[in-house]
């Protein structure tokens, strides 16, 4: 499917995240090791918090591995909070409006996975989006729909609850339409201060997801690693697959889990979709 | 907005339509004379009937004037029925799925104009699309919505009636949402055998539209014109603006009119949107 | 590096060549089995002989696997002689002018491999191009240089001799500049009537190259194969890697060999670069 | 041809330069008032000095007016020294490597105009480039050649002298090849500290070029102008055409002149190409 990376900590140059690691996201665009697809060449996107309230988003339909603009920007832009995503389309067109991360105001969301049987459920899901949000959907991905469903259910107030309701709705509508496994996802969202990441799938066999462990311990362990060298004490990464093979650097996020990263602290909570029938 | 051209007749090379005329569509992409915008550089598309039942569609987000692939294809592909469109976006993203013509099976549609107050009416219009057609919408233009509304109302059986119903619906929903002039359009659609073109706008001041006059007469009149030279007796063009300044070659399509071209014959009929309240 | 395919025979739809085979070129763009790189996503190109003396060329910087225009064209265009190429850049920019095949008049050329130490030899090679041809170089690939060197040495009169001289020159200049292995190549060129393919490398370990065997025999052997079904008696394919795993369908082209395909006949000849010192 | 803008002063957001002015560069991309062409839609480029010694360069083949990435970056990146360029191709392909500004190390160059009779002189000019610089030429524009000729003649030591020699060479070679007017140019180059701009043409009728006048005076005069409001005392702009119609804000650069901007000071010097015959 796709691969992504969510960083928070002291400002780092994008290239320290995207290019320097041994198994960097750009390397994964050509040769993902743990992805459902080895090639993630159907566009990419980077969201970062910088000069303004609203994060910047740079998206392109070209493969990340040879994109010169990405390399230029990665060498100039540093940010304390970065979302980056490389795409392997599951069918929707390769166009900028289908590249992650998606944005609304200060919020970003990106996703690896899919909504099952999308053609069967797309209309019902679109109708479930708040009418005031509906005109803002610009592309045709399942992820953008999921983002707007989460926004509809209060993402900006309580992200885990909103995601639980959005995913519960996807599962409910999917099952009603005869989809065996309505959702497969690792999702990250942020408001610029906190990052929430979710690993979940209807079948209980979710795409890979890892979070980084304490930086200071790792730095002692691996004094030569260029990424670790740049990272602050409170730096945290959540990634589709480890950026290197440092033993101890990465912990797999368990199934059906929400990871909350704020400052240098992470918290793991169970993630259970909400049954829409109980919401009435 | 946009500019378009619909050709039918004996097979001609695309370049005879797109490049050779004095005020060709490619020239119009840089310097439209009658368009609401002089530059139509936000992508283009060509649909043509060839080896198969289903027409081919080539669409690109680059300006037509310097697109090398368009020039290559135009020099190789000949067809008895061609739709070509250059785009000036009214806001929706520049991406292939927003380029005209749109296709379903043997049917093509392209459009110059807009649905007024789109953000206010998009959701209602989307809901009015037949649920079985809804998942096939790939882009975010008003035109693709209009196409699917016309399909919903029987485009494939009775195009003028279906368009009357679709446009009536757009006007009804628009007015309900407080849009003064819900639609502005010159639209062409074809099934590969007949072309229907519509000139209409809620305000009664529609974008320009012309149809060609009898070829044999013109050929006598202008023996040196390269386009006329290539054209068959039954060749007919419907265009946003004349491809040249030959006196007598072009007739303006009146307001609120549907032009039907079949073989070498054209027929002009009044076009009146259908009131959805009377459809029940 | 790259992968390519050269077809000649009765006209076939491009999609029969590019999409239908089990290990089609489009499949190879994502998962090449024998290539130096598994991914060939840095653009593609197709050259075909059609309505005109001059072949058409369609080139794109997007990966072939998701390119909708390629799929559209492949479903509409049929041709008796097709060159198709998918690119994995060895460093030069991803741009249309660096996509193969290259064209001059009726001639096409495409290449898998590289000129070694290109930065060291580029200027000398450029100077060796006939001054009247020099301004026609539009991109920055080694292949386009090689094509123009071959043209300089009489490609249009005697392709094997011209290639021998061009390659001899590349080797001579390369060695003078301290390049151990100045060239690695499988190259195909055609004038629309005959195809010449070359497998050669300075180190004697050339990239893979195969040619198809007699179609009628194969058709008897594999009655269900969709490609074979479409092919005429005189159909011949030369390919970087077999398009399927039919035993007996493909023969490896030996090292240092030129394959000449004309009509339904192929001839294999030794290929030996010419020593430029002996040319004086 | 093209239009460009060179800014130096206190750091400003790119959007204050590219989008906010009444006749901003992005507006000029659609509707240039003084350009040889009204539309400059064949790509664009921005170079800016930021986190590193080497400036960042963002280039795209899409028209500037609808490029979302440009808008995103312009809203996030601020810089004390910005070069921006919109392109109207005079024939060379629309590709990133043909977009300005061109860069070597800390140096940038951009250009409006052309080298006359390029096909006739390209080879001679390419041979005149220092062999060590030759392999770094990535595109096929006259401007990139001119940049490398200036580098060959010492741009990094004495820009006006190097440009005089490079332009003298272009004129000398051009005339030898029968080109009446070998060069037409407004060129800007910078090392990140000083900007040199040149207005010159063989025929003595050069493309338009303007420099801004003293900011503090203007600010008193026009208290409401958003650009002036953002600008520092030492801010200076050199532009192909004025960004607005403020009387007194812009002075035309005279023919055959070099403008040197350093800090808040500008100096105008005569620019006379050097005769290569006298250089021996």
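Read from first to last, the chains carry the letters A, B, C and D; within each, the first residue is number 1.
Following the convention adopted for this analysis, a contact is a pair of C-beta atoms (placed from the backbone, for glycine too) under 8 Å apart; a residue touches a chain by one contact, two chains touch by 3 or more.
This structure is a prediction, so every number in the text was calculated from the model and none was measured.
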item: Chain pair showing more contacts of the two, A-C and A-D; value: A-D
item: Homomeric contact chain A-chain B: same or different residue positions, threshold half; value: same
item: Where chain A and chain D are represented by their mean Cα positions, the distance between them in whole Å; value: 40
item: Chain D: positions in contact with at least two other chains; value: 68, 93, 96
item: Partner chain D, residues of chain B touching it in the complex; value: 30-31, 38-39, 41-42, 61-63, 65-66, 68, 89, 93-94
item: Complex contact set, residues of chain A against chain B; value: 92-93, 95-97, 118-120, 122-123, 126-127, 131, 134-135, 137-140
item: Chain B-touching residues of chain C, taken from the complex the two chains share; value: 13, 48, 50-52, 54, 56-60, 68-69, 72-73, 75-78, 96
